[in-house]
Structure formats: structure tokens, C-alpha cells
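Notes follow once the structure below has been shown.
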Amino acid sequence: MRRAFYIGRFQPYHNGHHAVLTEIAKAADEIVIGVGSAQLSHELQNPFTAGERVLMITRSLRGLGVPVYVIPIEDLRRNSLWAAHVRSMTPPFQIVHSANPLVTRLFAEAGMAVHSDAMYERDRHSGTEIRRRMLEGEAWEPLVPTPVVEVLNEIDGVGRLRQIARSD
Amino acid sequence: MRRAFYIGRFQPYHNGHHAVLTEIAKAADEIVIGVGSAQLSHELQNPFTAGERVLMITRSLRGLGVPVYVIPIEDLRRNSLWAAHVRSMTPPFQIVHSANPLVTRLFAEAGMAVHSDAMYERDRHSGTEIRRRMLEGEAWEPLVPTPVVEVLNEIDGVGRLRQIARSD
Amino acid sequence: MRRAFYIGRFQPYHNGHHAVLTEIAKAADEIVIGVGSAQLSHELQNPFTAGERVLMITRSLRGLGVPVYVIPIEDLRRNSLWAAHVRSMTPPFQIVHSANPLVTRLFAEAGMAVHSDAMYERDRHSGTEIRRRMLEGEAWEPLVPTPVVEVLNEIDGVGRLRQIARSD
Amino acid sequence: MRRAFYIGRFQPYHNGHHAVLTEIAKAADEIVIGVGSAQLSHELQNPFTAGERVLMITRSLRGLGVPVYVIPIEDLRRNSLWAAHVRSMTPPFQIVHSANPLVTRLFAEAGMAVHSDAMYERDRHSGTEIRRRMLEGEAWEPLVPTPVVEVLNEIDGVGRLRQIARSD
Amino acid sequence: MRRAFYIGRFQPYHNGHHAVLTEIAKAADEIVIGVGSAQLSHELQNPFTAGERVLMITRSLRGLGVPVYVIPIEDLRRNSLWAAHVRSMTPPFQIVHSANPLVTRLFAEAGMAVHSDAMYERDRHSGTEIRRRMLEGEAWEPLVPTPVVEVLNEIDGVGRLRQIARSD
Amino acid sequence: MRRAFYIGRFQPYHNGHHAVLTEIAKAADEIVIGVGSAQLSHELQNPFTAGERVLMITRSLRGLGVPVYVIPIEDLRRNSLWAAHVRSMTPPFQIVHSANPLVTRLFAEAGMAVHSDAMYERDRHSGTEIRRRMLEGEAWEPLVPTPVVEVLNEIDGVGRLRQIARSD
């Protein structure tokens, strides 16, 4: 049994995440997905709740072929404890896949195997771009899997983001 | 889509939980399972981590026939906010199944539909009995699904409980 | 301007509290009332929310003759900081009235004047007795001011307490 | 009984807040005022303690004609729980008055009635301007009710703000 | 450089702790001492502040012959993270000395070397006995090093404990 | 016994801190050093753990001539309680040495004697400059005591900072 770990904030889940997970699935028996900053929502950078993000991810990965565990991870704001915190909330995993230098460092200092591939960079920046398009009324739907569009429509995700944006 | 919610501490997951979930699965399209007191572990009443409990539950429910979401829920120690906290961490659900009077009350005050059946009482007391048997070297395996035995063996669950018990 | 401070959990506000505050009012220009353990509710020992308790107290003191400030105080679980915490949440006061030895000690170590009179003992034990009577269907109404009966009826206070009691 | 809710940080309480509350008082039997970010003080954006703010507000509203409840509300940093948190700390209210889009959204998602009037915009920006004037030695007193000037003089509010400003 | 770790609550520091540390000092170049439950004080089981305990320990160990680091450790109430938490607050150490089964288990699961000797049992029970003697006016001084008596006299430690005891 | 208090974040400990402490040592019997923001590490502004900072400070001060207590202080994010928090974690001290206006204000409001000398300004800015040099490969070693270089080499401090810097 080879279980891989991958983490993001998924605000929202998008094609970049999906490409990375499809790649990870080729070499893993099961995948554990951490939904970071789980306690945050209704913010410009973090509009969606952990539960909404769990739904987006699970529905998008229905056809992945390997079992996934989608686990909300609340922030501790203590980097030294973060790797232990993640491991306490998740089924045991043997390898971490990440292009994020802080994630990579924290798991490596905790003695975990880390696989860091430039390909994983694809999960960066798209979230910011998608939220910008939502705010400015541009087409964001092409950047996410279809089930994410469905979930966001059900919860009025774009409406929430636009209303919050008027707070600043 | 009719999604049902069920919560427990699952220290460990046992046949009583399994019977209740099998019953709930008959009337639900999907089930959301909250793993309560997720931040606790390595205690006499709470020996196993949230991640270990997620693994026990998921493996035991492989043949259930309806999709399940297994979500760790950390304690807030603020009962007034608890229903909102659960809902923020989980995909939207329409009905709560519980025989626990506090759970029932908190969701009802939050305006949720609650189904409370005496049959759900089967989830009570077994956890305490299983931990007692583990400590005293009696047969606890008949009280849990087979995958739970496997997980507990892998993580040396009984050894951990016995070592912790010597602390008091 | 001589402002006095008095604190309790007020689960619920009762005649003992009322007698003490009536006495304090004779020598103070204004009274600051701290509603302790504000974050707790829906527990056997703490059934009512801070807001419900604020309402009971304010309505009962309408005819007191001196202005009152009724302020929820959340627990910090750090006794060394508690006096500073209370003072940060309340208008400045010059004297603390309490028969509680811990309250007395913490304010005295923080350099505050404390007035400790056996008469204040009247605020003890009644809360426990009132909750016991509510649970067992005995007459609790004579032990509280009339406005407290009204508030508890409006919020189904006795029903909540009885439902919670079935959890253990 | 029609109770209205209004929230701000009140750093400090000023004429904009006062105009809004005077307007709200025309249609409400009682007003509940939340003092937000109650745990913050001694910061450039948040110089005054919750207790000091309670005092400014209460004194300024002496002549309002309807009873007010002034309640410190500590931050939770979890937007999904914020409406439930506010309601647990306050007497029950039926309507929220706010021009703040986030406040409006959070209460609406929690099923509360919200009244959002452009007139309420008057509570914005003045706090920043007042603190700027205090720092630069300009006349800030015309922007706040007279009792606020008194409170700030008593607690050396301007001195505190200026000293803190030298920290950055 | 061989650095050893030892942890206790030290309420108060007593001859049992002192005997254990004297023994550890024989085989270590430096000793790191964790002062557990650092945030607690003014309680029957935890009467003294972390700072007071740091003072008792440091003064008592003046003649030990090896350098000591005395570090307050606040509780996290998350056993899975506790070993990482301790390590983040302390200089790196290579071995843990403890007879406490939970401490032993948590460090072992975190991959640390642990030395568990029956001799270390001497640190158990004395704290409870000393606090009982303080409350009942019996001779507690023979159970602690002389510098602890001095510190407790300076801070009115016995007076504090007795006053707190009247709270229950 | 005259005990002095001094606090910093010490990211890392440098010659400016060392000059200030050497000066303070001339007039004090003992020095209590608070290591602020103790819970932070692995951040651009806060790369080193509290334990690593304790080690840098203690080793650098070996020849100071007066005993020092080096105490990690976790952030509370509640300025009103901060002075009480510091005092609960440290042995009693009689005077605070600081050029930081916020530190000065908070201790003064808590009734402590504060000594604020322009000389203490030497502890400002160097930390930022040292971290900048580490990132850009310039010589930072001349700005810190030799034992700090040793500690940072042992823990791969520069490597950690550079890796983290790639996260943004």
C-alpha cells in the first residue's frame, strides 16, 4: 500500500490541481488530500468553506481510479508543529507531493519523503486568477472541472465573492 | 440528492456504529460522517488519532453502497457555535441522525431536521467496553468490523492504550 | 464616580445575586457586572448563553437606581491573566465585591481593592439548587426574580436543560 | 418587542455611529450594540480597549430614549461561525442594521433579516480620519460626541495612540 | 555534546525531582528542563506560575555542575503534537529521561530515544503530598530543597494555596 | 536582588542585542530575557524556533558575569494582557529595559518601572538586515556573536531561510 499526500487551499479546486492529482494517481494506491486553511471562508482570498471545497474535490475526482481521502486541515499558525498536525488528521502516508517550498521544508524536517516536481507548479496562481475573473465578470469556468462549476452555482459562490469584495 | 449526517468519536469504530450507518444508508443518497474530538488522541478515552479513525471508518464502509464523506471535526468547546462549525467543515446535508440528546438539541436549535431513533442507541457504551477489554486482555475483536482489527494491529493500537493507561 | 465590580456565572440569575447587587448599589455610583464563562452554554452546569444571561440580569435590575454595565467575560483558562482580562473588557472600576476566594485573590494580586463580605455568600449554591429543581420538576420560580422566569419561558430554558441532561 | 442589532469596532465611537444609531432608535424598542474586535487594543488601528469603548458608547447614548445593550464581541477568525457567535453573546434580536457587505452576507446566510441602507455608510472612514488627526495634532473633537472626548481625556487616549505610533 | 531532556509540572519542585536530575547530570553535558502546564497557576493542583517554578528550579540547581535550560512549556491539549511542540521551544536534545508512560510513548512515537528508569518514579506523588501538607499546616519543608522554601516564602505560596482552597 | 527584564524576537540574536545586554548587566544582579513570538518559526521574518533562539542567546552570554534566565514568550495577540502574560512566565523583575514604544507603554500601564534609553535603539533593524544578507549571499556573520554563527551552521539556518523565501 503506497499512500501519497497532497495539500492545497483549493479556493477553488481547478484544472491545475486536477492535472497534478491525475499525475500523482499513476504511482499511488491511494491519495490523501489536505484542504488547508479549513477554518477560513467568506474572505477575498478564501471565499469557500472547507465543506464546500471537500465537495468540489470529491466530485471532480470520481473517475480518478484510486481512492481519495479528502481531509480539512485547520491552520495552527505554528510552523514547527504543522507536519505533526497534518499527520494526526490523516491516514498514514509515505510520500508528500508538493512544489511549495515551505510545505517541502516542513515535511523534510519532520523526516518525511518529499517529491517536488516542477510540474506541480501548475497548482499555483490559478486560484488568484479565477477569483479575479469571478469578480470582474469574465469567464472562469474553463479553468475548473465541470463539477466545480456545479457546486459553485449551487452555493452562489460567485455572488458571495462579489458581495464580500465590497467590504474593503 | 439527500445527504445524511452522523457523528461520533469512533474510539474505535465498532459494530454499533456500523449497524446504525447501514440503516441510514437505506434512505440516503450520500452520508457525511463527522469524526468528533478530532484533535484528541493518546488518552484513555480517546486513544486514536483522527486520521486513524478516518481509516477505520472508510475501510469498514467500502461495501456500503452509498458514497461517504469522513470528516474530522475538532472541538470548539462552545456549544452555541457547534452546529455552525460542523456545517462549515462538511458538504451540505439535509438531515441529522442521532440519539445523542445534546447533538439533537444543538442541530434542532440551529433549524436542522433531526431524526432520533432508539435504534441509534446502539452506538453507545460499546466504545468504553472495547477499551476496557483491550486493557484487560479480553476479546474485543468480535465487537468491531474486521478492517478495524487490521488498522489497530498496524498502528499497535492496543499497545498504545495499555502504555497510556499506566500514566494514571 | 465610584464604580463597583461584581462577577458570576448567573446560571441562572437568582435572588441571591439580586440581594448582593441591591446591597452593592447602596454605596456605588455605577455597577459593572461580569457574566463569567460567557462562551459556555447548553451544558448541565452552564445551560444558558451569555446573551440570555445578559437579558435576565438587565431586566431584573431595571429598578435598581444606579446604572449597570452587563459584560460577557469569556474564560481564558489562565488565572494569572484573568484580572487583566476582566479589566480590558469593562469600564474602569475602583472596587471588587466578591466572596469567592479565587476572585478575591486574583484581583488582590493585581493590586485592586477588594471587599469581601460574608453576606456575598448568598450568591453560592442557589444556581445548583435551581438547576436541580428544574430537572426534577420542582418549583424553582420562587428562587429567582420574576423577569428571569419570563426570559426562561421565552427561550424554553427548562426544556433545554432537561434535554441536555439525558446526554450523560 | 422589536430588538435591533448594530456592530462596529468603535475606535473611537463617533458622530457617524451616533447618527446611524439615532436613526435605528426610531423604529426599535431596544438596540443591541456589538463592540467588535473586543480583544484588540493598543494598536494603531485599534487603540482602545473594549471596556473603554463600552464606556464611550453608553455615555453618548444616555439620551437616546430606547434601552441599549453594549456587548463586547471577541474575534473568532472563522467567518462561518461569526453570526452564531454574535447571537450567543447577545440578547435575541430580530433585525440587523449594517452597510458592511461582509456583516450583511454572514447574517443573511444565517437566515437573519438584514436592513442595509446607504445612510449607514456614514459609519465608515471617520475612525481612520479621527486617529489620523489625533496623531498629527489636528482637531478631532468635532467628529465625536462630547462624552467621548471626556472618556479619551480620562484614559490619556491620544497619548497612548501617539506612543504606540512610534513603534513602527 | 549530549543534551538530556526532563519534564515535570514542578508544583512545587521537590527532592524527588532533585534526585532524578542529580542522577541525569552524571551522564549529560547539558540538561533541558521543561516546565509543563506553564499557563496554569492559582489552582489547587497548579498553584504556582511558570516564572515562580523557573526560579525554584534554577536556584536549586546552582551547584549541579552542568548547565541547565529551564523552559516553560504551555499545554496544547493535542497529544499528537506535543513532542513537536516541546522540541520547538527547547534547544536540541538527544535523549528523554522519564518514567511517565504518556511522555515516554509520545516521544518514542516521534522517534526520540527515551530512557525510562524505575528510579525516576521518585518524582511522582510528592507534589500532591506537599500541597496537602501546606493546606493542613504540616511540615512540608523537609520535602523540598532549601531554595524552594525561600521562593515560596517570598511569594506567599502557602497563603495563596490556602486561599484558593476555600473556593471549592 | 535587582532583576532586569529585556525582550526581543532575536531572529537572530545579534551584536545590537549583545551591546544592550552588556550595558544592562552593569546595573543588574540578574537578567530575565524574553524570547518573543516564541510560537513562530519557518517564516521569512521569523525563521528560527524559540529553542534555537534560546540556544543562540545562552551561548553568547556565557561570559556576561550575571545570571540570565532565557524564557520563550508565546504571543497572545491581546495587548491588554501582555504585561501580565510576560510576568506569569518569568521570575519576578523590578525594571524593564526597552526602547520599543509599545513594550514601554504596556509595562508602564501595568505599573512597572521602565528604563528607555536611546542606546537601546541599537537592537532595531539589524535583524532585518541580517536576514536580507543571508538571502542575498552577503556577509552576515560580522553582525552577530560567534556562537550565533555556530548555532546557525548546526541547524542549517541559512538554508532554511532561503528555502522558505521561495514560497512567496
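Letters A, B, C, D, E and F name the chains as they come in the text, with residue numbers starting at 1 for each one.
Quick note on the criterion: a residue touches a chain if its C-beta (ideal position, glycine included) is under 8 Å from a C-beta of that chain, and two chains touch if they have at least 3 such contacts.
The shown structure was predicted, so the numbers you read here are calculated from the model rather than taken from an experiment.
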item	value
Shortest walk length in steps over touching chains, subunit D through to subunit E	2
Least hop count linking subunit C to subunit D through chains in contact	1
Angle, in degrees to the nearest 5, of the Cα rotation that carries subunit B onto subunit D	180
Most distant chain from subunit A by Cα centroid	C
Chain at maximum distance from subunit E, centres defined as averaged CA atoms	D
Whole-Å separation of chain centres (CA-atom averages), subunit A against subunit B	25
Distance from the mean Cα position of subunit F to that of subunit D, given in whole angstrom	37
Multi-partner residues of subunit A (each touching 2 or more other chains)	39, 41, 49, 78, 80, 87-88
Chain contact graph, described as a line, ring, star, complete graph or other shape	other
Those chain pairs that satisfy the touch definition	A-B, A-D, A-E, A-F, B-C, B-D, B-E, C-D, C-E, C-F, D-F, E-F
Interface residues, subunit C side, partner subunit B - complex	39-43, 49, 160, 163-167
Sites on subunit A touched by subunit E in the complex	76, 78, 80-81, 83-85, 87-88, 110-111
List of subunit E residues in touch with subunit F within their complex	38-39, 41, 49-52, 54-55, 58, 67, 69-72, 74, 87-92, 155
Touch list for subunit A against partner subunit F, complex	77-80, 100-102, 104-106
